[in-house]
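What follows is chain A paired twice: with chain B in the first complex and chain C in the second.
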Partner chain A sequence: MSKRWLLTHGTELALFSALASLPLFISNTYALGLLTLLAIYGVCLIGLDVTVGYLGQVNLAQSALLGIGAYAASLSVTHLGFGFFAALACGFGVGLIFGVILALPALRLDGPQFALATLSFTAIATTTLNEMEWLTQGAQGLHVTRPDLWIGEFTAAGFYWVCLLLLALVWLAMRNMLQSQWGRAFEALRDSPIATDAMGVGTYRHKVAGFAVGSALGGLAGGLYAFNFQYLQPHSFGFELMIILLLGVVLGGRKNLWGAFVGAALIVLLPNLLSNPILFRSFAVIGLSIALFAGWQKQRRQQLFTFQTQAPIMAMLLLAGGALFIDNTEDWRKAIFALMLFAVVVGLPEGLMGFATRRLSQIFRLDTSTLPAAWPVAEVLVLQTSALDDLLEIQQLKHYFGGVRAVDDVSLRVVPGQIHGLIGPNGSGKSTLVNLITGLYSPTSGTIHFQGQPLPVGSLYKVSHTGIARTFQNLQLFTELSALENVMVALRDQYRIPLPLLLLGMGKQQETNARAKALTLLALVGIDAQAQQLAKDLPYGAQRLLEIARALARQPRLLILDEPAAGLAHPDVIRLVEIIRRIQQRGITIILIEHHMDVVSELCDIVTVLDGGKIIATGTPDEIKRDPDVVKAYLGEPC
Partner chain B sequence: MDATIIAQIVVSGALIGLIYALVAYGFQLTYATSKSINFGQGELVMVAALFSLSLLNWGLPYWLMIPLGMLFGVVLGLFVERAAVRLALEQNSEGWILMTIILGLFFFSSAENIWGRDDHPFPSPFVSDSIALFGIDITRQEIALAVGVFAIMGLIEVLMRKTLLGKAFTAVSADRDAAQLMGISARRTIMLSYGLSGAVCAFAGMLVAPITTVGPTMASALILKAFSVAVVAGLDSGFGIVLIGMLLGAVENLASFYIGSGWREVPGLVLLILALALRPAGIFGKTVIRKV
Partner chain C sequence: MLILENIHAGYGSSEVLQGVNLEVNAGTVVALIGANGAGKTTTMRTISGLLKPTQGRVLLNGEAIQHNEAAAIARLGLAQAPEGRHVFGPLSVEDNLLLGAYRYLPRFFGYKKRAQVQLDKIYALFPVLQQRATQQAGTLSGGEQQMLAFGRALMAEPKIILLDEPSMGLAPVIVQEVFNTIRQLKAAGITLLLVEQFAKRALEVADYAYVMERGRIAIAGASAQLQQDERVLAAYLG
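Here is the complex of A and B:
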């Protein structure tokens, strides 16, 4: 067992056994109540972290989903006579359903629009819970009876253990999910939705799934919440709870299960902190010292005292100052939340646990996890042969942007096994043509046939599943994933284990194979030494090569390279030519868009020249270079 | 149902809707330059209105309160720009959504503690009798509201079209990088847009407060409706917001009358979600072509 495995699993085991044994020593019901809440909020925040952390969206609906789950669980007990676990399942299911309903329209959106959609969902949900008095008792509140288990009546400790057990299960299941291809897909679509679709990983499907899982956990936590307080009021699930939940995730640390746990602990302790002046003052002083320390560290690194460094310190100064002069901290609690959130978002964007995990893995030297041995290339890229005359056949393809004829009546055949060059001056329609083939745009008219079948129109995702892969002229890497993970996201026919089994942790072997395959492809393009670096930290040349490795993970029949040599230094261009040759030897047909004529002359079997959206010449590189129309398009008329 | 009553409900709703349109106009101003909006805009309106009320209570005359209140709005807008939006954009992230929510929360809590949680009446400079037009009663304050909304939007549009500053503004909206290469400071232009947006919001608060009263809760009620208007019309739709604003105001007044006042907010929110689902660019907005 590796040191990393022992440390992560050991600490988790220690945490949960400590939490489980606490009721044996503590008989104080108040403390036990806090621990129960900790487990409940833990479940809720792990769910929220899927959207806020992995999908990278500001999700303002989790408090409403918690409320909906709470009401659903309670009403299923009173009206349908459900038992304890059935009621929890009901909360979970209702959260899931509402998650999907909300996700379908909202997830086509990004950034502010997504935040708005979820914000209005919360407003609608609390209004509806408040106004449907015949069902929910409206503003006067709903009393909930907690059904007992078949083994007997719930004790306070018993209920706590149930909550803790659920937290542990959710923790394990979510860790399995988020460390699998699902978690990678979530992060990939956050960084580049277009590339995610182009790599055959359905953006929409994964976004809906991620949001639905997060919402279902919100609903489950809601059920526990209802049985814990046994009294519900609609307005307690509104804006304030939402802010508190966000505070928990952000302060604890995004993309981190421990972060969700620490965030939950903070949420539980906040009311106590605020009601006791001495505690609150010491808390404010601690916050100020952290801010000062972090600011000092940053200043030492950057040699610059920017506003970004000052702002968290100012916020914490304001908090500490306020703590000294203000007695009614309860009345100011929203401002206190605001100041804390502000300081964390600006000063410690990775959150407490994000910071701690990074530090700890430095101390214990956990930065490199071991990689499996690479496979032979022949096993990852199976040699392809084709009996067809034409792999790709484009007929009379047109695409107009308003009055601009970007592609105007283009007909083209690509022969299997060849490297087909596509050149032309800037704005001649090369990239538009590629975007039409790969499904980013729908053609105004014309047809495209691939392997004798018409290509799906206007869907990157569907086209990628026919066996066409592409790279992007403007890099579309998954910047926050490592080079290895970038390739792993795109692997074709690799992930066959269904989600339920993955949640149970059955994906280990599949995962190891995926890593080995991805490493093979990185080695093929010569960047396997940088496999564990984040894509954004790679040098530019390596990023271009990573795009190619990622496209190869699709095991394409047709690979479209959109200006792979753009911006590369001369030695890198030579390496690139060598790599493209090796790819061709695997029987992969290539369309190469390029401005470097030496690259085109060296590699291409046939070249098509575009100008003004029309084909002006086709032929071998030598013929093209002598063609008077081509010379005119590049250099203009002789004087 | 008597037709005049329905007409009355529609007209007074539509007039309030002009205020939603004005706050939404504030969103458009900042969205144009920085592609960001202030999620705490409602709190900004509320705080500026409460501040103006305090000015009146200190004995300032009405005509002096208006510019001072708007100046306060400018200060708040600039504060939001510096402490939330620019900080987040420097980190090159979508963090501005969270940051503006946070500042809004801070404003809200401060207002609660400084001015109290109750709603306060806001004096109107006009006598309270109403004018009957085709059997529909319209108060002088409502007329002033309509005039004020159109006046300030018209004024800003003229500034945008006739002055060099306005040209810079348009340039930054069209292409921030290109504008910067031409020597226009994008930073100052974004600051200007937030300042203007703050002034517009403060003015909106002063126009609506005599009709609705003013208190901390006004923030959340206003912001959701302004969001709805801005998104349904489109964040770059220009005067489309006026139409949508009036429509939304009328619809929610009808909903409140027929279904119950608790449901008042729901039509706008449903419209918002529908618009986001069906036409994210808005009814009058322009759809952008994806480029790679």
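Here is the complex of A and C:
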């Protein structure tokens, strides 16, 4: 606790106290202006990092939202007579509204299309600001009056302190949000939207919320920007600012509050650093030495000289060489930025602070945070009982892909408390049937009843809230989250504290409970020792078990396991059988798709065999093994 | 033909392979078995150049290849059917197969004819693939995708094939077919390195086998000998 706490919170405290005390020593108004700008861009980049870092989308609208926020705040002062903080709130609110308006259509898109949608938004927004001369005075520019506070007129230092205070508040609030279930949901839906929906977390809702919060911070920063410069022009919020903001996030390091801050510092300070040739030359030499040192280190450790080490050295050589010949560095500014960006993106894909955080936690041997004690399994997985005869009833279900009858008239009953096997040749429709039950596909015809109620059709998210959970045959883990966090994402009925209270830091107890519950489930499947490893770094067998633990976090009545033993070696298969038995003892009904016949025989009460989308046999494992049709279509001759 | 000397490799700071020594002679089938997480797949990735070892050498026909790119190693006649069926989803089955022979087939003249010859060989082994020739590979069932990955590795007439979990996720009847195919390949004199969870079947088909435990080779020997080995019997054959 203490070392970790000191390093994270202590450094933050030190940073903000240092920043806050600077005006006491610096009287230079120019330097103070730069510091103010640093705080403003910090707020803006923290907002941008939500979409770029956490949601993993290229967002090109943040500069426009900054502009919209700036105009909204200024106009609310001149036309509506708002005070300082009311005007900032107005910038924040307008950013939020425009964020939602843009997000609703744009977040239906992905990747390059999303980037283009946000790019068009920026074009439309800046053009509109320019053309609405009656309101914004267009290209002439708008003079902004900065309202005074009730204690009197702003001094330069006073305004800086207000900006810094807001940055600190935003920092705290966003840390609370991003370390809660919201931050995990953002990362989860970036890694696997399908699994996120299947685990009962609405992907679209979370995406829109994340984008809206980021946009609102852009609007807030816009308000500060307006009162800082006291003069606005639409074209300053166009493409150049947009690129610089993006550069700040990438250089500083994504998914990292410090990264946003360092990025802001870079984009504020670099132009000034570069304006002096001597400073610039020493800067280039330092850059070159760092690149050479990093290359030498890597060479020593891996005896490899890869593109990742060569490219930054070449870029820095070019920069240092150029520095000798160039005197008017100002004119070359963009080219210099480009070289640095290239060097950092290739050499340090995680950004400056991403790299620094990783190295520092290695140097200080930061053990990953301590875990709470696991709970008794009975408290996490409530014993399920059912008075019904059939938990799941499927009637005449059909699903056609074009002309292919993947599921062709299947009727099936699943009895509560049993393990129901589902076997059949590859392509016989087992996985399609599961995808129909869980809502990934909509059936062509037929009905599915769960606990006597018709199941929602064609929505993973809605089905996941009825008490059905599943694992995925081709693993759909949230690869960038730890094993523990993977399970925490899926926990059912766990997160009740609304977002505003979370931002104020009221989610601590809820979070501790969630960790304890998730740990309990990891222990149930026997991978609690690897709780803090990233899912992508787990061995294959552990990934399979993690899928099961995550599905259990839904507290399901019906658990569908899609080939849990695929690719498991003999000792691990034995462990898996024990785990499934333990799950059954909690009263959970299981549908088991599996090719390992020894597992099926060992566990299943009843087995349904599919071939070509139709049921060809139903019975106990022993009956099935003797069925001539099943032997022919599936089992083959014993060897 | 293929020799691994004291290979160390891993991901990031965790070292998975801690000094692996292994040898595959021409014309033999060698099996690599072990529990999940023992490092079998990592060994395969190191051989095929997808992962660079931090120490040690990989020799293919006497040539050190551990620094080569994966594509260059493939051109030397080493093919891999990776675990988890990495087929090209949006492409047709036939295009997937043709990509497997991308460097092998002539560029311009005689392409069609040579390509057809190769395709026919594969279709003879896996008739299902011929039926699905124009279908998108991503819409195949898991087992069919496995066959496709298998067929694709064979397309370029490789000198040695690495098969990573060829039976994974396949119906028992298909697993038998896959092992029959492996026997056919063996009879045709093709060199195979086989990673397999069904240790029993793997030992039946292989000439020689290695058992991996925690990143090292724990036991090595002729398959017939390992089938009798008590340690192997207890841990892997059940």
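Just so we're on the same page, the second predicted complex is superposed on the first by the 629 of 639 C-alpha atoms of A that agree within 3 Å, B and C clash if a C-alpha of one lies under 4 Å from a C-alpha of the other, contacts with A are read in each partner's own complex, and residues count from 1 in each chain.
By our rule, a contact is a pair of C-beta atoms (placed from the backbone, for glycine too) under 8 Å apart; a residue touches a chain by one contact, two chains touch by 3 or more.
All of these numbers come straight from a predicted model, not from anything done at the bench.
Enquirer: Chain A superposed: clash or fit between chain B and chain C?
Expert: On the shared chain A, the partners clash.
Enquirer: For A:Gly202, is the partner it touches chain B (first), chain C (second), both, or none of the two (neither)?
Expert: A:Gly202 sits against neither chain B nor chain C.
Enquirer: Please indicate which partner A:Pro425 is in contact with in the superposed arrangement: first for chain B, second for chain C, both, or neither.
Expert: In the superposed model, A:Pro425 contacts chain C only, not chain B.
Enquirer: Under the stated touch criterion, which partner chain does A:Gln113 make contact with: chain B (first), chain C (second), both, or neither?
Expert: It touches chain B, and chain C stays clear.
Enquirer: After lining up the shared chain so the two structures overlap, which partner does A:Phe401 touch, if you call chain B first and chain C second: first, second, both or neither?
Expert: Both partners.
Enquirer: Should A:Pro564 be classified as contacting the first partner (chain B), the second (chain C), both, or neither?
Expert: The answer is neither, since A:Pro564 touches no partner chain.
Enquirer: Between chain B (first) and chain C (second), which does A:Gly263 come into contact with in this model arrangement: first, second, both, or neither?
Expert: neither
Enquirer: In the superposed model, does chain B or chain C contact more residues of chain A?
Expert: B
Enquirer: Which holds for A:His595: it touches chain B only (first), chain C only (second), both, or neither?
Expert: The second partner, chain C, only.
Enquirer: Have a look at where A:Gln473 lands relative to chain B and chain C in the superposition and call it first, second, both or neither.
Expert: both
Enquirer: Figure out whether A:Pro349 sits in contact with chain B (first) or chain C (second), or with both, or with neither.
Expert: First partner only, chain B.
Enquirer: For the superposed three-chain model, which listed region of chain C (19-27, 91-99 or 127-135) is the one that clashes with chain B?
Expert: The overlap with chain B comes from chain C residues 91-99.
Enquirer: Would you please give the residues of chain A that touch chain B in one complex and also touch chain C in the other complex?
Expert: 401, 431, 473-474
Enquirer: State the interface residues of chain A toward chain C in the complex, per the touch definition above.
Expert: Result: residues 301-304, 362, 401, 423-428, 431, 473-474, 537, 539-542, 563, 566-572, 574, 595, 597, 633-637, 639 of chain A touch chain C.
Enquirer: With touch defined as at the start, can you tell me which chain B residues reach chain A in the complex?
Expert: 36-37, 39, 82-83, 87, 90-91, 94-95, 97-99, 101-103, 105-106, 108-110, 112-113, 220, 224, 227-228, 231, 260, 262-263, 265-266, 269-270, 272-274, 276-278, 280, 289-290, 292
Enquirer: Would you tell me which residues of chain C are touching chain A in their complex?
Expert: 11-14, 33-37, 41, 52, 54, 67, 83-84, 139-144, 146, 165, 168-176, 197, 199, 235-238
Enquirer: For a test of understanding, state which residues of chain A touch chain B in their complex under the given definition.
Expert: Per the touch definition, chain A meets chain B at residues 56, 58, 104-106, 108-109, 111-113, 115-117, 119-121, 123-124, 127-128, 130-131, 194, 239, 243, 246, 250, 307-308, 311, 331-339, 341-342, 345-346, 349, 401, 431, 435, 440, 472-474, 476.
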